[in-house]
Amino acid sequence: MATIKDSVHDHIEVEGVAEALLDTEEVQRLRHIKQLGTVQLVYPSANHTRFEHSLGVYHLASRALTHLGIEGVQAERIRAAALLHDVGHGPYSHNIESVTYRYTGKYHDDVHELIAEGSVGQVLRDNDLDPNRIADLVAGEGKYGQLVSGELDVDRMDYLVRDAHHTGVPYGTIDHERLIRELTFVDGELVLDEGNVQTAESLLLARALMNPTVYQHHVARISKAMLRQATERLLDQPDLTAAELRRMDDHDLLAALRMTPETKPFADRLDSRDLFKRAVWAEMDAVPDDVIDADHTTYRDFESRIAARADIDPESVIVDVPSRPSMTESTSRVMVSGEIRRLGKQSPLVSALRTAQKQQWRFGVYAPADETDAVGRAAVEEMGLDIDDALISDVRHGVHTTLDEFAE
Amino acid sequence: MATIKDSVHDHIEVEGVAEALLDTEEVQRLRHIKQLGTVQLVYPSANHTRFEHSLGVYHLASRALTHLGIEGVQAERIRAAALLHDVGHGPYSHNIESVTYRYTGKYHDDVHELIAEGSVGQVLRDNDLDPNRIADLVAGEGKYGQLVSGELDVDRMDYLVRDAHHTGVPYGTIDHERLIRELTFVDGELVLDEGNVQTAESLLLARALMNPTVYQHHVARISKAMLRQATERLLDQPDLTAAELRRMDDHDLLAALRMTPETKPFADRLDSRDLFKRAVWAEMDAVPDDVIDADHTTYRDFESRIAARADIDPESVIVDVPSRPSMTESTSRVMVSGEIRRLGKQSPLVSALRTAQKQQWRFGVYAPADETDAVGRAAVEEMGLDIDDALISDVRHGVHTTLDEFAE
Amino acid sequence: MATIKDSVHDHIEVEGVAEALLDTEEVQRLRHIKQLGTVQLVYPSANHTRFEHSLGVYHLASRALTHLGIEGVQAERIRAAALLHDVGHGPYSHNIESVTYRYTGKYHDDVHELIAEGSVGQVLRDNDLDPNRIADLVAGEGKYGQLVSGELDVDRMDYLVRDAHHTGVPYGTIDHERLIRELTFVDGELVLDEGNVQTAESLLLARALMNPTVYQHHVARISKAMLRQATERLLDQPDLTAAELRRMDDHDLLAALRMTPETKPFADRLDSRDLFKRAVWAEMDAVPDDVIDADHTTYRDFESRIAARADIDPESVIVDVPSRPSMTESTSRVMVSGEIRRLGKQSPLVSALRTAQKQQWRFGVYAPADETDAVGRAAVEEMGLDIDDALISDVRHGVHTTLDEFAE
Amino acid sequence: MATIKDSVHDHIEVEGVAEALLDTEEVQRLRHIKQLGTVQLVYPSANHTRFEHSLGVYHLASRALTHLGIEGVQAERIRAAALLHDVGHGPYSHNIESVTYRYTGKYHDDVHELIAEGSVGQVLRDNDLDPNRIADLVAGEGKYGQLVSGELDVDRMDYLVRDAHHTGVPYGTIDHERLIRELTFVDGELVLDEGNVQTAESLLLARALMNPTVYQHHVARISKAMLRQATERLLDQPDLTAAELRRMDDHDLLAALRMTPETKPFADRLDSRDLFKRAVWAEMDAVPDDVIDADHTTYRDFESRIAARADIDPESVIVDVPSRPSMTESTSRVMVSGEIRRLGKQSPLVSALRTAQKQQWRFGVYAPADETDAVGRAAVEEMGLDIDDALISDVRHGVHTTLDEFAE
């Protein structure tokens, strides 16, 4: 048994197949992938990695298994899945996922492939575990997949607390011990036991507050969009495939960006935190539906047209459109009066949070600091934005979330 | 200058008139009044006092004054008011307030009187401060009264964090530093600056989660209702006035309850944590409006009638009806696009929280463990409750909030 | 099983006989005894109780039992002993122990008697446990008694962390999880496993820093000495026996002190924190050996003679002589190279800490603020103190430990 | 003014010249240098960077300046020096310092050069500050240099608390606020005010416990030694100078190690955490003095000879000899009875800590796991080690500090 000291959960005991998995290069690689990618440019202490997060998820899964009385090979599978749930992440975590998946195809296939291959697959087979069943759990499939990837999964419980610890933003400080103690299976569904409507709400609210303050902070979004753009340039190079890029860690990606002439200007900007600024920052109502729902190629095309109209370099315009808000936690299930109820049905907060998410949604167009006026005007015209709500919203609409003096 | 070490804010520096006030018996008395009264019977670590809370409020007020650039005599007044804001509390904090005020009259008059009298009044006058102006601030009056007692006051900021620290329930862990840094006065109104809709919401949500989990936990409510009943018996004694009771501290009150034959049975129950149990625990819809809105005398009358019908001792029935929910924080003001907006207007969460509060509201009738069935049936009939929703709701409606195994 | 939320260890699960013991009045009484007595006058947040501490000790004992693989009736006994280890405490914890034991005899007998009697004895017998064996464990006897009361006991592990949490002084923040994980029995002796010399030292150092800063802070010592004096006056009253006083809680004692005319002046002083000040504060070298080693009666006699010489009321002089320092942790055992070694032999820090403790030791004579000069001079002459080191040492010798501005 | 959220100090306000310095690439580069280098291989959460540490040091310096009443240009200089104190660090912090300085010369010259050049020098001159005076402060020169780099500097106060927060090892949790509040200048010397012998000791003890547990953990030492060896191989390449290596960040260095064929095997080992193991782990007495005090070339020569004797590849042997222990904090100065005293004179703990440090000192020879026996035997013979104390000490002498199961 390996005992590992963690800043969030203190001592974590890793045993069984998980201990063997720990030493694989696939799991060790997670040491070099920051949990929150470019959020570190807003919250400088947010340097924690997917490795420690994976250990935390493993730890919470172990506690949940003890609580639920799950033992034997099923428990081994779940613990393995908890530790492995992030091995599929590319460099800079979610930041460039959209890029690599556009090039490589579906996430699900990839996870199954990854877990079956290499040292991880070997360790699993050596321990008489079927990699496919582990990958199913990672993908949230089956009864026990809910524990690893679902509305009440241990992944979320760990990252909220861990991100709060490392950013210094307290909103994510949920009562994870209580959440785990109240988990139970009813008719094959993972639910929170009687008397836990507030417990379920607290998880939802923690995400609802961390989201605009941390995960979707506009500076994190800008740098993420810049990173996405630079990574696409990188993939235009003949000697790098998307599959290779997916297997890089943060160091590899940064080094590649610095060394490739086409992406060096971006790397320089990132290194000196000389980021693009908001040319447009618009609420949902100000953006035509077909713009919100357009595809990747259309956005790239918009960028070219805006650049042309503003008479500047096409690389100096970035259009950034988040998905329409969804809120999967609202399907969390809680026992109420002996029946399973979806939280979205039971809690008046859930629909309010949906409305709040829509209010917080922002469409962004970014450009170098001295080009924001020209780019903003061009974007409004090219994309048919409702100009008054859009252009000046960053100043007037109070969308700033935190630390804006530094974050500009 | 006195420097005091605090478990929440670390070093607190007390200076000026506040330092002199610290040594008055009125302020020192707060050392012996628990912040959360009977909540300690649910959360055993919740033994913090009004004294340390008052220091915390003083500390946050000082930081707010520095941030707002308020100096001189006005600052002295506010700091004094912050330190003194709880000197009017009776023993066991809010738990018996309803009793003593029924006997003594208005809170406002009382605060003005208290602050003008005794050592506190003397210290204030010695420092050329008008006790009346300090009392006005404590009562939340005037522009600066908003800082001490208002929707965005430092009182709330301290108690949420402090109660979280001492109960172990993390929901109250707000970002108080950010809240204070974003305070500003606009047209004489205390508001949060641009970009702080989420900051304001976080304060609201922290209260919304702490309320059912901590402040209104049913065991805390039961013991508070028992304390209220016992205190009334105490006031029936010829040798104790309500005014005297108000000036007691927790020790005095407990000693009096133990030594008075009429209240000793209650004291014994409290000492051995042998509390009444819920005979009725009903949602708002199950309770006739005229019962919800009845007055004190009517409730006492109900208790007698229920006891008679159940054929038990009248002291073995307690009817406990909380006020209809209100949510004053919803009037918190935030700057949005250069205008002052009430949070209730701006945030979709606020009306949802109102609905949630109504859902969480519970009407209680309590009795000794072996009398709950009889008392429950009698109460339903005497009070015209909708029986199915009421009697068995504690089992069926999932109102338990936390730690219920122990809390029963 | 009862689950209780704790500010230090989060969720604590109480099961078996311990759950039944929880509801006895003897254990519930600990809710009303502050863990640190008068230390609260220096650190206002230090209001935690023997009850929550007892739960914490129970919790750490449970973890240690799991780690050590101890199960069955032996484990039940140890858990019971952990929960009960402080039921013998009188009001204000250690503060008046010296008084009550002088009147009632030995601690050991008392614990055995207490645990055999009343509800606790009944619960134990109902669970087929022999109260005497539990009392032996509380007294630290036998192999397993080391876990409850010994150099490496869980009592100390809990109180250091808990006192740090509640005072705000971080020095007590030990790594209690590591300590428990490294416990092992070798030849019937409880030791720390190989590689834990530093772990053992860290426990020792935490105590060495908490001691002068918290437990022996001069203001805590002064108020404790005043409390001791007042309690003796209380015991001079015909209607109170020492045995009765031992069974009081903090409320009873404070109420009795306030209501007894002979002790009311003390109660008033305590209530308004108008404490005696140091008239003498002398290092060990300044005090004759026979004074250091004198008995209780002699100290009371010194007080009378000093008062007579200074021409003041005899109750206005308090002589306070701590025991000569001892350091039982230095006998903690650690495995080194396969052998059990006493930490005192292995660690060069231990003898240094002994020297440091001797340096920190202070002899005190206390008096009302305006009598300290006269009393100081009289004490020096009556007791043959080396005057230069003594009288002015509080100003010149830097013995202040913390927060002295407030603490004066 | 920029406000930055920090996981340790919460909100940090950066103003004046420091705000301008924040945006320089030299300071931004510190975002990519881990504070604890290879310690992350033992404590996976220890991913904090020199950037956040520099902000923390700036913050504590600002508080110290306020406390000490230092204002104007002198304060600007000190704040700048605090923020810049680590700009001279190479990649992987202290881990490869010995390598780069062997190639480039003195640290002092380097700091002066670095601060005078580039964007940092420009910003300083733009703000009418002389880079040389800032560099003097960074080097600890002059009265105010003591604040930035001295026995009581804010650098140490920040890193102890920060390293504790991120490793999860609580020993570093000092009371930094108290330390800063007690700083004072007496006759130009920075000292702790009267009554702070324990405060000074607590700083010393925190380091004494963090050192073996964290900073000198044997796995951190092994990986650091491997990194040192690999970096030397890197510098053997024609296209990289030591000066260039010094200006790399962690990403650059890792990428270079991975891409250079001569160092790729090391990079692979590091990436899969397949580290060398201890072939020899000897106490000081077991090592001849001339070995302890030998120079770099001699150690490299020993490695070749050991490899030859053991008949293995020369790169498979690493000799790692720490400096003889020193303890500069022992010269911390504290006011005692109105005189400045060195802590080493005042505190019996200091000499004990010196002895403890000598006890903890370990000489290491490392090799791949399956070569440790052969290499151990060869090393004992080549270097004249006292074999019994040496070879098997890792098993028998209990030098393991923490988490050894994982750390092997």
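In order of appearance the chains are A, B, C and D, and numbering begins at 1 in each one.
Quick note on the criterion: contacts are C-beta pairs under 8 Å (C-beta built on N, C-alpha and C of every residue); 3 or more make two chains touch, one makes a residue touch a chain.
Computed from a prediction, not measured in an experiment: that's the story for all the values here.
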Can you name the chains that touch chain B as well as chain D? A, C
Measuring centre to centre, with centres taken as mean CA positions, what chain is farthest from chain B? D
Specify the angle of rotation obtained when superposing chain B on chain C by their C-alpha atoms, rounded to a multiple of 5 degrees. 180
Selected interface, C-D versus A-C, where C-beta contact pairs are more numerous: C-D
How many angstrom between the C-alpha centroids of chain C and chain B? 34
Cα centre of chain C to Cα centre of chain D, whole Å, reads 40
Whole-Å gap between the CA centroids of chain A and chain C: 51
Residues of chain C whose C-beta touches two or more other chains: 3, 10, 169, 178, 402
Residues of chain D touching chain C in their complex? 169-171, 173-175, 178, 194-199, 201-202, 205, 209, 212-213, 334-338, 347-349, 351-353, 355-356, 359, 396-402, 404
Write out the stretch or stretches of chain C touching chain A in their complex. 3, 10-11, 177-178, 181
In the complex, chain D residues that touch chain A: 1-8, 10, 14, 22-25, 28-29, 31-32, 34, 40, 43-49, 51-52, 55, 165-169, 250-252, 254-255, 258, 271-274, 402-403, 405-406
